[in-house]
Amino acid sequence: MRKILASAVGLAILLLYLAASFTSGVGSRPAQEVSLSSETGECLECHELYTPGIVADWRTSLHARTTPDAAMTKDSLARRVSAESVPEKLRGTAVGCYECHGLNPDAHKDGFEHEGYKISVVISPKDCATCHPQEEREYGGGKKAHALDNLRKNPVYDLLVEDATSVKHVSERCGIAAASATAASKGAACYACHGTEVGVEGMKTVEAYDGTEMQVPALTNWPNQGVGRINPDGALGACTACHPRHSFSIEVARKPYTCLQCHLNPDVPGWEVFRESKHGNILMSLQTEWEWKNVPWVPGSDFKAPSCAACHSSLLVNTDREVLAQRTHDFGARLYVRLFGVIYSHPQPTSGATHMIVNADGLPLATSFDGRPAAEYLIDGKEAEQRRQTLISVCRACHGTSWAQGHFQQLEAVIADTDAAVLAATRMMQYAWENGLADNKHPFDEALEKKWVAQWLFYANSVRYAAAMSGPDYAAFKNGWWHLTDTLQQMREAIKLKEGLKK
Amino acid sequence: MRKILASAVGLAILLLYLAASFTSGVGSRPAQEVSLSSETGECLECHELYTPGIVADWRTSLHARTTPDAAMTKDSLARRVSAESVPEKLRGTAVGCYECHGLNPDAHKDGFEHEGYKISVVISPKDCATCHPQEEREYGGGKKAHALDNLRKNPVYDLLVEDATSVKHVSERCGIAAASATAASKGAACYACHGTEVGVEGMKTVEAYDGTEMQVPALTNWPNQGVGRINPDGALGACTACHPRHSFSIEVARKPYTCLQCHLNPDVPGWEVFRESKHGNILMSLQTEWEWKNVPWVPGSDFKAPSCAACHSSLLVNTDREVLAQRTHDFGARLYVRLFGVIYSHPQPTSGATHMIVNADGLPLATSFDGRPAAEYLIDGKEAEQRRQTLISVCRACHGTSWAQGHFQQLEAVIADTDAAVLAATRMMQYAWENGLADNKHPFDEALEKKWVAQWLFYANSVRYAAAMSGPDYAAFKNGWWHLTDTLQQMREAIKLKEGLKK
Amino acid sequence: MRKILASAVGLAILLLYLAASFTSGVGSRPAQEVSLSSETGECLECHELYTPGIVADWRTSLHARTTPDAAMTKDSLARRVSAESVPEKLRGTAVGCYECHGLNPDAHKDGFEHEGYKISVVISPKDCATCHPQEEREYGGGKKAHALDNLRKNPVYDLLVEDATSVKHVSERCGIAAASATAASKGAACYACHGTEVGVEGMKTVEAYDGTEMQVPALTNWPNQGVGRINPDGALGACTACHPRHSFSIEVARKPYTCLQCHLNPDVPGWEVFRESKHGNILMSLQTEWEWKNVPWVPGSDFKAPSCAACHSSLLVNTDREVLAQRTHDFGARLYVRLFGVIYSHPQPTSGATHMIVNADGLPLATSFDGRPAAEYLIDGKEAEQRRQTLISVCRACHGTSWAQGHFQQLEAVIADTDAAVLAATRMMQYAWENGLADNKHPFDEALEKKWVAQWLFYANSVRYAAAMSGPDYAAFKNGWWHLTDTLQQMREAIKLKEGLKK
């Protein structure tokens, strides 16, 4: 009799648990509570009401549901804290408000006194490195961390940015004069992805939710979540660019919607090409049935088609837990060729700080104007082949060797064709410069020059992306081969008209 | 013993209920049946078979699962019927076929006798106002309800519509002559979103599903679901533009896929900018886990990132049920600046009937050709500041005050830059008109004029939308700053060629 | 007492079953195991580890969970094996690796010896026809199966392909010379959708997963999954273009993400127009709640808005299981008008091999240069009307007769307008050719000619698609009427400049 009762009670508990799982909302509290630090407890007392969205989001995070001590007991494949040791004070509680916003107070120009605590506003990769040092190291070595200086310290790129985003004034005689681009327009455009340099200009008074006044740091170029943000503590990058606050979800970062914030047509059409590929089709059709949070991640059983993260970043294992690809937060680390050509494709650079490159023309570009690579700043053939094999081994989880090899051979042939298409437009541009039909003192500002820029920055890149990820339309009609040919003919036509008028 | 049995039976019932919840399909009948009117019951007898999709969709609606009487017992925050009283006859039954299609028979030019009942085809906001008068009132005061007349009664806009959508004939000597645009092409293009004027031209015979003949009203400019549709009863608007028939789902209306039907690049790139924003990323990554039907709606616990509706329309409360923003069906009511510039940005108009505006040039546009606002038709600074604070209070559910303020400061600086970019192109256009290089009798029909139109209608708008919702690419390369500069240079080039030929 | 125990045990089993259903992952094994052939069992022994993604995907397929014998017991509406009989050897086991890759060994140029078995790499529609002959027959009669020859055997289309995808060389005097397009660039662009001709050039050595060497066929133009792929066994098409390997899911094929791989703007904007339509809105808002696998498929109760498949392919029945539309794998079979105009719209062709058409100009195009249809190759008015009624009967599951009729009347009026817009541009192009302003020896290669091509290939098509599926923006500003008018004005402007220079 007792057994029956026990069974019934057990069933009831199981039922209630199941019911709870189905009805638990987005912001529900975790099943197992972990203890909070007293500081975080105090933060929550006010912020639960004042910024309820932040708190609700954080409550669904792994940070809120585990402790560094518990996280460090995981085996090496499942472990997500890469630090060998974590400061004593942080180990036993959830990673809450104060655990992050109270870190490294002396390094933070944006630190301030808030309700008795010294906290800072902008958490940087250096702060996250307290528990995740390997991720910070990898990220810091890649192009993303250096994305701001790679634009503004490279005079060629900086000229492109300034020319595009500056307000122009038109004179009575119809001349065009450009003002300097404003911080706001650069911040909304190029620097929205590349990152701004966030500064601190003293303190300012804001009105809090309850109407009281409060002193907070007056930040400049803020808000910004670009991948190369330069933070008030001097650290490079923003982990929140891909792991949005305050759940810092691995699921969100693994979904293509994260990458698409910046990897968009016309210059880097990662998302659009993916979406029109077979991989994109399968992902969009079946994504709600997949396991997006498993670590390590198993192609086939966890997901049926790779998202961006699967090929470029995540730790992948096969069903026997043999590693197919190691995790990396340097998103260029698995790549051998850089599709993004300024102005031609080339082997990946060895350092993420591409503004340090010097090519045969003396410019910080990976190839010279006639296509010679700045070899000493780029990976060599051996490294390239090794990375190529890493990529192929990812493909082979779901494709035969012959398929995977064929794919890369096709890609390489298409890349060569697109480089030839860029060369053709470049020769035409040179003809115009040499014959006084355009002025190369500023190589990007005239209508004809902008057609030439579009040839390499939009159309050649699009065809290469399309070939790399098997998206058909971006190789054909949508910023693809159609445009490579059309633009060349348009340039020819414009040159003919200019020559005709000159006579 | 009896208790055990009772427990077991209770468990079984719970199980069956759970099982039923999981297996119930899209069109399943509701758990609690509410009674139907006899008229609706009769409708269903045939239409269950003849238009099964309509009936199945309606069955999943709240209309089918509750009664006005029950709906009116909800507390003020949860209540969705805004009428203080509902006609006696409608109170006690589900809101079925006849309850809507049988309303206001005398007002409906599209009314007709059908199987013994007088019903009408096109349900209008006036009909919906029987239970939802506040929604109809708010909607009727906004720009959407007036969207058709705002186009056709504004001669500037009407010229744009006619020039774009009319068939052209090319003469033997290569001249272009435009015919009048057809109702069909205007209806498929501009009026698809803005709405058509639906007319009734007598009755016509159609063959019903079972082969019998039937007399129905012969409607013109039909079908159409534009936001400013003028209905046969004279009422303005179509609730079904956002709440599609016949489930009239709040979930669908709250999802961005509804707004994207019309708010698309190149002129009003709301969807594309949202999609490439952090908000869009989070929504697309996690949307299937959110509570889309809760009223009121709680940021953080119901959803983690706002859809269009959250910022522009829905009733939002915090976790203490304190109101963050009141519901409104005037979708401009929370906005202080109108990004959509014809030809410059400006404060929001005070009335949704923008064709009534008269600016300094005597035209129905909110700014003059040189940028002076038609102030008496626009909200004043005090109202603007109040709306700005409403928006900030929505942001502050998930963002600190400093973040939210910084966002709007950046936006305002970018808006100023885009207005300057429009001014530059406008000065160039004026130069062309004044020097006989273009003819401003029709200001939109020549190739050069169309470049100028693109500058304000596509590119300046795109940059402003991008800055307003933090989507990077539409501020940069995708119809953004790149194009603002490129178009100006193209205009300069075209003017130079025309001048050169003239000499 | 025993009964109570039995009930409790029953409940527990039910609970465990429910729990199992909820926790079973993407690649979980089926609940009911069916027996595998010994050959397939042997395949799996290695491939479970070597290509785990393929095996995990296949395990979720219907092929893995049923046998042809069981499949053939279904009633005619639910049955998915269309063969009247299936070879004895295949009937009793799951459809595994060997059941497909071991088929028709003598027909396969890509057959090879692999671990003691003769298998082939590229499974063709002829192989699938073993169980699905009706699907193969329908598909083979349509345009998709002939998509490669329809391009390369039609000299007009072939010229377009070659001109667009070939590398150009620019001479010192700024002339343009085109090389032949490479197989790789054609394969990444046009042929990615249309299909390549897959060849076999002997055998090659690849390194298998475990490091051993292995001989496999050396395939050319591989990988490719275009709809008109010509396979090594000579069969036309790739079932995997829409049913991706190795789950061959009906759910994936029914979702619009499959069709969007190729039906994209600017030439055939099926996806973009659908997405901005009411149907697209409803599907994207509610798709996760729908029944995507039911056969037959019931509008209203299985889904609330049609995907591409619902209107163009799937077997649809009403709630009484009365057939609304028969299944077809000829995706043009329900259509009466061909929107895709080269250069005008026209009735659907009677045969999928459109390169066999001869028009009044002697060219393999469905209309002559001045718009006369090549009637003997196109369906007649009676067939057109019958197909129009089939489409309307699909609409009427959710729309009244008057609505559905009005829709098609509007569409037909818009089509007439777009054909007139193409005629206008064509007359202008003729003017340029006749007056020596362009050279029609190659009608597509000059800048002016490309504007003319864009008029019919991009803008007229877009407006027609938009009118057909009620997407507003592609009729208006996005490659729509705005562009039809703008392009005509740009052509006029270019002609004026050329004439001016000539004088």
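Chains: A, B and C, in written order; residue numbering restarts at 1 for each.
Simple rule for what comes next: a contact is a pair of C-beta atoms (placed from the backbone, for glycine too) under 8 Å apart; a residue touches a chain by one contact, two chains touch by 3 or more.
All values reported here derive from a predicted model rather than from experimental measurement.
The two sequence copies subunit A and subunit B touch through a face in which the numbers common to both fall below half of the numbers used overall.
Between subunit A and subunit C, the superposing rotation on Cα atoms measures out at 120°, rounded to the nearest 5.
If you average the CA atoms of subunit A and of subunit B, the two centres end up 33 Å from each other. Among all residues of subunit B, those that touch two or more other chains are 4, 8, 11, 15, 18, 288, 497, 501. Those residues of subunit A whose C-beta lies close enough to touch subunit C in the complex are 4, 7-8, 11, 14-15, 18, 275-278, 280-282, 284-286, 288-291, 298-304, 318-320, 396-403, 405-407, 409-410, 413-414, 417, 420-421, 424-425, 427-428, 431, 463, 466-467, 470-473, 475-478, 480-482, 485-486, 488-490, 492-493, 495, 497, 500-501. Partner subunit A is touched in their complex by these residues of subunit C: 4-5, 8, 11-12, 15, 18-19, 22, 25-28, 48-57, 121, 163-170, 172-174, 176, 182-185, 187-190, 192-193, 204, 206-209, 216-217, 219, 222-223, 225, 244, 247, 249, 251-252, 255, 257-258, 260-262, 264-267, 288, 445-448, 450, 458, 494, 497, 501.
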